[in-house]
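Below is one structure, written out as structure tokens; comments come after it.
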Amino acid sequence: MSRLSAGVSTSSRSGIITLTTDFGLRDSYLGAMKGVILTTYPGAKLVDISHEIGPQAVLEAAFILKNSARYFPAGTVHLAVVDPGVGSGRGLIMVEDNGLFSLVADEKYRVIRVRPGVSLTHPPSATFHGRDILAPIAARLASGESADDFGRKVNSFKRLSLPPVRKVSGEIRGEIIYVDRFGNLVTNVPAALLSQGRPCITMADSGVMVRGLKDSYCQGKSNELIALVGSHRFLELAVKNGSAHELLGLGKGGKLRVRF
Amino acid sequence: MSRLSAGVSTSSRSGIITLTTDFGLRDSYLGAMKGVILTTYPGAKLVDISHEIGPQAVLEAAFILKNSARYFPAGTVHLAVVDPGVGSGRGLIMVEDNGLFSLVADEKYRVIRVRPGVSLTHPPSATFHGRDILAPIAARLASGESADDFGRKVNSFKRLSLPPVRKVSGEIRGEIIYVDRFGNLVTNVPAALLSQGRPCITMADSGVMVRGLKDSYCQGKSNELIALVGSHRFLELAVKNGSAHELLGLGKGGKLRVRF
Amino acid sequence: MSRLSAGVSTSSRSGIITLTTDFGLRDSYLGAMKGVILTTYPGAKLVDISHEIGPQAVLEAAFILKNSARYFPAGTVHLAVVDPGVGSGRGLIMVEDNGLFSLVADEKYRVIRVRPGVSLTHPPSATFHGRDILAPIAARLASGESADDFGRKVNSFKRLSLPPVRKVSGEIRGEIIYVDRFGNLVTNVPAALLSQGRPCITMADSGVMVRGLKDSYCQGKSNELIALVGSHRFLELAVKNGSAHELLGLGKGGKLRVRF
């Protein structure tokens, strides 16, 4: 999902194109990209995922896109443009979800690198490949063209991953990977690791401790830090009708330990 | 409209689903909800009303939704998720606009409480009923299913209301209920109460006075506070090409008196 | 595009209506306008360009709209409401792109002033012509009605223009006209003026100098100010993975000189 690009499932086309960028909502860049898409494929159904990605924050974009994209119908094209490398030698990729084919082909995704100089209506600028290359490709994929028309399968491409948890002498060492609008602190500790017993969570700097998991955000007392499994399926720290981010003064990268 | 939910008019379906939440525009929550809707009903036409509702600000959401929803065609489904009580015992409701039927049935709205355990594709999480319960119901209502498929009529539900004006010895005592992007101060004094003569409005703390009503925002001098009936049909205080909010240093809850 | 309005190309209708306003994304104003459009023409395809235009910043809106609108298909209706003069004597205009006709008719645009009292469903308020006059007209234009149904051609209307560059003793004197989300500084020096040689750009206050043009944003060193032709086709100042706006402390109106 890095330096990326456009993903498409080969199953029946829905005509839906989602958009994830770091463009913000004030400038003309997003409108220009939507105009190109609708000029190329008037039947496209545009759905904004997020345009408030931090400038050049590729991993943040990947996290947000992943947690939205999984809910869209098969055949959706996800166009993501967070592109600090525009104009450099970096490639553009398409990620194709093989869907049912993965059962026989032993791989769920096929990654296709956009062929340099792929034929589009206008010659691309050096500063805005989102508008000049990816938007027309996304539109044509959504209209039913094959990803193979625009590039060739590659096996090597840049992968980003969330920071992994470490397991040290029976405890899990994790960190905060995302702070949402409500100040909930999403960690990198997956729900699957929390089933071995009643967890006791210690925040590294402050030593604040939380014992056990709640089911939902409305539990706990005023200003009490609670822990729960959030909708991303990771351990989250939260405060009922308040902000764990503000209560703890902790953000992305903040460390925590989980014992049982 | 509290702890709410989904409203639908029984008249011919438009396929339109509006969305009002406190999710903001950066996180994945809104995208996930849109994905669920489009997976459930690919023909849905999504229209964002506002996602910048203050976190858990249910009354603010109701005010904004009411002032938008009235302009949508019959058959529109309005999905609103401002849900501090997610995971608690709070119910989810659907509000059905009976439209023409109200002439004979003596009630304009029918309120239907979503049946717990209503059958949906996936078992719902405890933390995100907007995505797991309300989004699929909204999609199925928009596609033509009946609200009765998902719940049962109730007569008792939580109602919120705007703070009422008081009438004390011939004067109206009101307050500011909303500050818009332009710094216009919307009060709870309805236009209907202003027809009895030329109003004289006094702001409680500062004693600043405004005499008479203007017709529109472009009247008055630079930095002059003016009063008018705004598009919400309430008394508003404004400054031409400026901000009444900044001029007076007053926001929500600020008091005022109206004499004639 | 001032005090504006609605623009429509006479060629085949696309059903697309773009929206550009200074309403922000929290209040009910945008939702109300979309509701009116969809009630008037249920087939409309709404596309948001920008609603984060500075309050009453007509020229900013025109710059953003121009740089988006050019990418939309023929027949798109562009609805723009940045309207400090609502309720005053200011007129409302429609701008019609004659497209191919301009080759024979010697004018590319036809400007039509909305007839006062043009017949719409509801009597318009004095405070919200975007909702009460322009939204229904935009919807009816998108549905195929002619601009002539709503007004009459005018030859005189208010024009805004970007501040022009000056040429003084062989150098170009320009200024910053727009700062985007990335802190890139867009100037009023058009790309066409930069082809006469290798430019040397001097920022007026600080004396910071940049020699030559880069091709794209990823060139240059950390914290190095670079110059390039941006996607608006104007000279831009930028910093790789950083903000020229923050580096220089310069914003709109900041002066620069270009020598060769």
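Order of writing sets the labels: A, B and C. Residues in every chain begin at 1.
Please note the rule applied: contacts are C-beta pairs under 8 Å (C-beta built on N, C-alpha and C of every residue); 3 or more make two chains touch, one makes a residue touch a chain.
Just so we're clear, the structure is a prediction, and the values are computed from it rather than from any experiment.
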item	value
Fraction-based call for subunit B against subunit A, same above half, different below	different
Angular offset of subunit B relative to subunit C [C-alpha, multiple of 5 degrees]	120
Separation of mean Cα positions, subunit B and subunit A [Å, integer]	31
Residue list for subunit A, restricted to those that touch at least two other chains	25
Contact footprint of subunit A on subunit C as seen in their complex	14, 16, 18, 25, 45, 47-53, 63-73, 76, 180-182, 215-219, 228-232, 240-241
Subunit A contact footprint on subunit B (complex, rising order)	22-36, 38-39, 42, 46, 55-56, 84-88, 125-128, 131
